[in-house]
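The two complexes that follow have subunit A in common; it is paired with subunit B in the first and with subunit C in the second.
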Partner chain A sequence: MHILANYLTEFKNSNMEISVLVFGQITDITGKGSLKFTDIKSTGELYQLLLKTYPQLESIKYLMAVNKKIIHENTMLMDEDTIALLPPFSGG
Partner chain B sequence: MGQSNTYRRYERQIVLKEFGTAAQEKLFHAKVLVVGAGGLGCPALQYLTAAGIGYIGIVDFDKVELSNLQRQVLFAVDDIGKPKAIVAAEKLKLFNPEIQFSVFEKKLGTANALDIIVGFDVVIDGTDNFATRYLMNDACVLLGKPLIYGAVLRFEGQVGVFNFPERDGTPGTNYRDLFPQPPDPATVPSCNEAGVLGILPGIIGTMQAAEAIKIITGIGRPLCNTIVSYNMLDNIYYECMVSPADNNDINFPKSKEAFESFNYEWFCGITQLPNEISTEEFDELLKKEKLNIIDVRETDELPVIHEFPCSRIPLSRFDESISAIGSKEKIVFICKSGKRSLSALKLLNEKYPDCRAYSLKGGLDEWKLKIHLKK
Partner chain C sequence: MESKKKHKVFVEGPISPPFIADAIAKHNSKTNIGAHSLFLGQVRNDRVGEQEVVAIEYTSYQEMADDKFYEIREDAFKKFPLICMHIYHSLGLVKSGEISLFVFTSSVHRKEAIAACEWIVERIKNEVPVWGKEILSNETSQWKLNT
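Showing the complex of A and B:
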C-alpha cells in the first residue's frame, strides 16, 4: 500500500502542469499570450527555462506573479499554478 | 449657478445610496493634480471635471500635435501648436465653470515637483516616460500623497494606486516595489515606436479618474497594493497583488535635498552614461582646446603633474567642492588608475546632467606609460 502511494505521488509530480500568461512586449518574444509547462518546480527553474527557450528575454526586465501575487524571490510551484509575466510599460 | 443648480448637475451620482451628498461634498473640496495632459490625462481630466472635483491642477510642457488627436480627445485641429495644459484648462472650464483650475505649463522636475505636488490631495500619473514616473513616485512617497499610476502600450494597459494604505491599515506600496531599478529604456518600446490604439489610454485614463474618486470619497476598494493588467484584444483584466520589495529603497532619495539633487534622466538611462576617454583622446583634446583638468587624487599623492595645468579636488572632499566646479571648458577628471576619476564624473553628472565632462581611462598610470613608450 505504501509503495503504491509513493508511486501515485511520483506519477502526479511528473504530470504537474503550470500555465504562463504573457503580457506586453514579452509576447513579441514568445509569439503567444499563454504557455504551458510541465514539471517546473519553482519560479527560478521557470525563469531559467524561459531564458533557454527565448534567449531574447535576457535583456528584458519583468515581474512574475504566481497566482496573482507578485513575487520578489524564488517561489515553489504547484500543479495548476498560473504565472504571469508582467513587463514595465511607460506609455501615456 | 445657484446651489440648487449645482446639486442638479450631480443628481445622478448623488442619488446613489453609497455616494450621496456627503461624497459629492468631498469631491467639491478635493484637489487633484494630473501630470501629463496626453492620452491618459485628457479622459481623466474630463471625468474629474464632470464629477465636480473642486480644484484641478494640470502639468504639461508640451504642445498639441496632429498625431495626438487620435487619443488626446480634449484637443481639436485648431489647437495644433498650442500648449496642452492651457488648451485643456480652457476647454474644461467650458464643460464645468464651477471648477477651479491651476495650470503648470512646465516640465515636472526635481526643482518644482515637491512644491507643486504638496498643494494637492491626489496625483494622477499621465506621463509617458520612466524618468518622470520615478520622479513622481518618489515625490509622492516623500510627501505622503496617493499616486494613481497608469501606463499603456499597443492594446494593453496597467493601472494601480501607489502609496495609499489598505482599509485594514496595511501600508501602500509604490513603483519601487515593482521595479526598484528602472528598466533599460532600449528594452521598453514607447507608444511613439510601438503604437497604441487611441481608445486604450481612454479606458486606462478613465480608470485612473475612477480610482481618484474612490480614494477621495472613500467608496469601494481602491487599487492599493494592486496592479491591474488589461489586454483589450483578449478581454483580459488581470489583478495582481503587490507586496513590498526588500530592495525598494535602493537609490531612493530619502530627503527633500536628496530628491532635488537626484538625476532621474540619468538614473533611467536616458542621458548618456559617463564618458571615459582614452589617453590618445586625452592628448588630442589637450592639443585642440583649453581644458579644465581636475586631479581627484588626495593632496599628498605623487607624482605631481607638470605636463599640463590642472587643479586638485580630492574625491574624499568632492561633495563639498562640487558646486565650485563650473566651467565653460570641457572638464577632464584624472586620478592614478581612472577609477576615482570615474566616480567623480558620475557624481558630477548626477548633479549637472548637461555638463561636458570626461574621465581619463586608465588614469595617470596609463598616460605616463604611453608617454614613456613614445619616448
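Showing the complex of A and C:
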C-alpha cells in the first residue's frame, strides 16, 4: 500500500504542468512565445531553471506574473498555472 | 453606469483621425459635458545612430492588459468626477506620424477632465503589459524603452 501511495504521489507530481508566456525582448532569447514545464513547484525554481536554460536572461530585468497577477516574492505554483515573463512595459 | 462597461481597448494598427473625430462627435448628445480632454500618442521618428524609427510594432499580454485597462477605468471613475472616458491602444504595426494611443475623458468642468486624462496616460504607461518594437529604416529593430 505504501509503495502504491508513493507511486501515486510521484505520478501526480510528474503530471503537474505549467505554461510560461514570454513577451517583449525575452522572446528574442527564447525564440518562442510560450513554454511548458513540468514539476516546477515555485516561481523561484522556475527562475533558476530559466536562467540555466537561457543564460542571456541574466542581463534582462523582468517581472513574473502568476495567472495575470504580478508577484514580488517566491510563489508556490499549482498545476495548470500560467506564468508570464514581463520585461519593462513600453506601450503608448 | 458607463464605468461598468468593459469596452474593447485594443485596435489593430493605427488609430485614424476620422475615428477620433467620430469619437468626439458621438458626445454631442451628452449635453451635461462641459469639457473634453484628449491625449494622442504619436509614433516618433527617433534617430538611432544612422537610422531612424519608421514604425513601432506593438504586442501585448492581452488578457492581463484587458484586466488592467478595466481596473484603470474603474479607478478613474472613483477618483475623478467623470461623465465618460475611453481608451484605445494600437496593436501591430503603427508607422511614425500615426497615432497609437487615444485617451479621451469628459467631465462637467475642464480641470477634472484634464487631470484624469493625464493620470490615466501615466497608469497605462506604467502598468499595462504592452511592448513596442521599434522598426528602423534599415529594417533592423530594437525594443522600445519608455522614458
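One rule holds in what follows: the second predicted complex is superposed on the first by the 81 of 92 C-alpha atoms of A that agree within 3 Å, B and C clash if a C-alpha of one lies under 4 Å from a C-alpha of the other, contacts with A are read in each partner's own complex, and residues count from 1 in each chain.
The rule is simple: contacts are C-beta pairs under 8 Å (C-beta built on N, C-alpha and C of every residue); 3 or more make two chains touch, one makes a residue touch a chain.
None of these values were measured; they are calculated from a predicted model.
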Partner chain(s) touched by A:Phe23 [first = subunit B, second = subunit C, both, neither]: both
A:His72 touches, of subunit B and subunit C: first, second, both or neither? first
Partner chain in contact with A:Ala84 - subunit B first, subunit C second, else both or neither: both
First (subunit B), second (subunit C), both or neither touched by A:Gly92: both
Larger contact residue set on subunit A - subunit B or subunit C: B
First, second, both or neither for A:Phe37, with subunit B first and subunit C second: neither
Partner chain(s) touched by A:Lys61 [first = subunit B, second = subunit C, both, neither]: first
Overlap of the subunit B and subunit C footprints on subunit A, listed as residue numbers: 21, 23-25, 65, 68, 84, 86-92
Subunit A - residues contacting subunit C, complex: 21, 23-25, 65, 68, 84, 86-92
Touching residues (chain side subunit C, partner subunit A) in the complex: 41, 58-61, 63-64, 67, 89, 100-101, 121, 124-133, 143-146
Parts of subunit B lying in touch with subunit A, wherever the complex brings them together: 36, 38-41, 125-130, 133, 150-154, 156-158, 178-179, 181, 183-184, 186-191, 194, 196, 201, 227, 229, 231, 234, 236, 238-243, 245-246
Residues of subunit A defined as touching subunit B within the complex: 21, 23-25, 33, 59-61, 63, 65, 68-70, 72, 84, 86-92
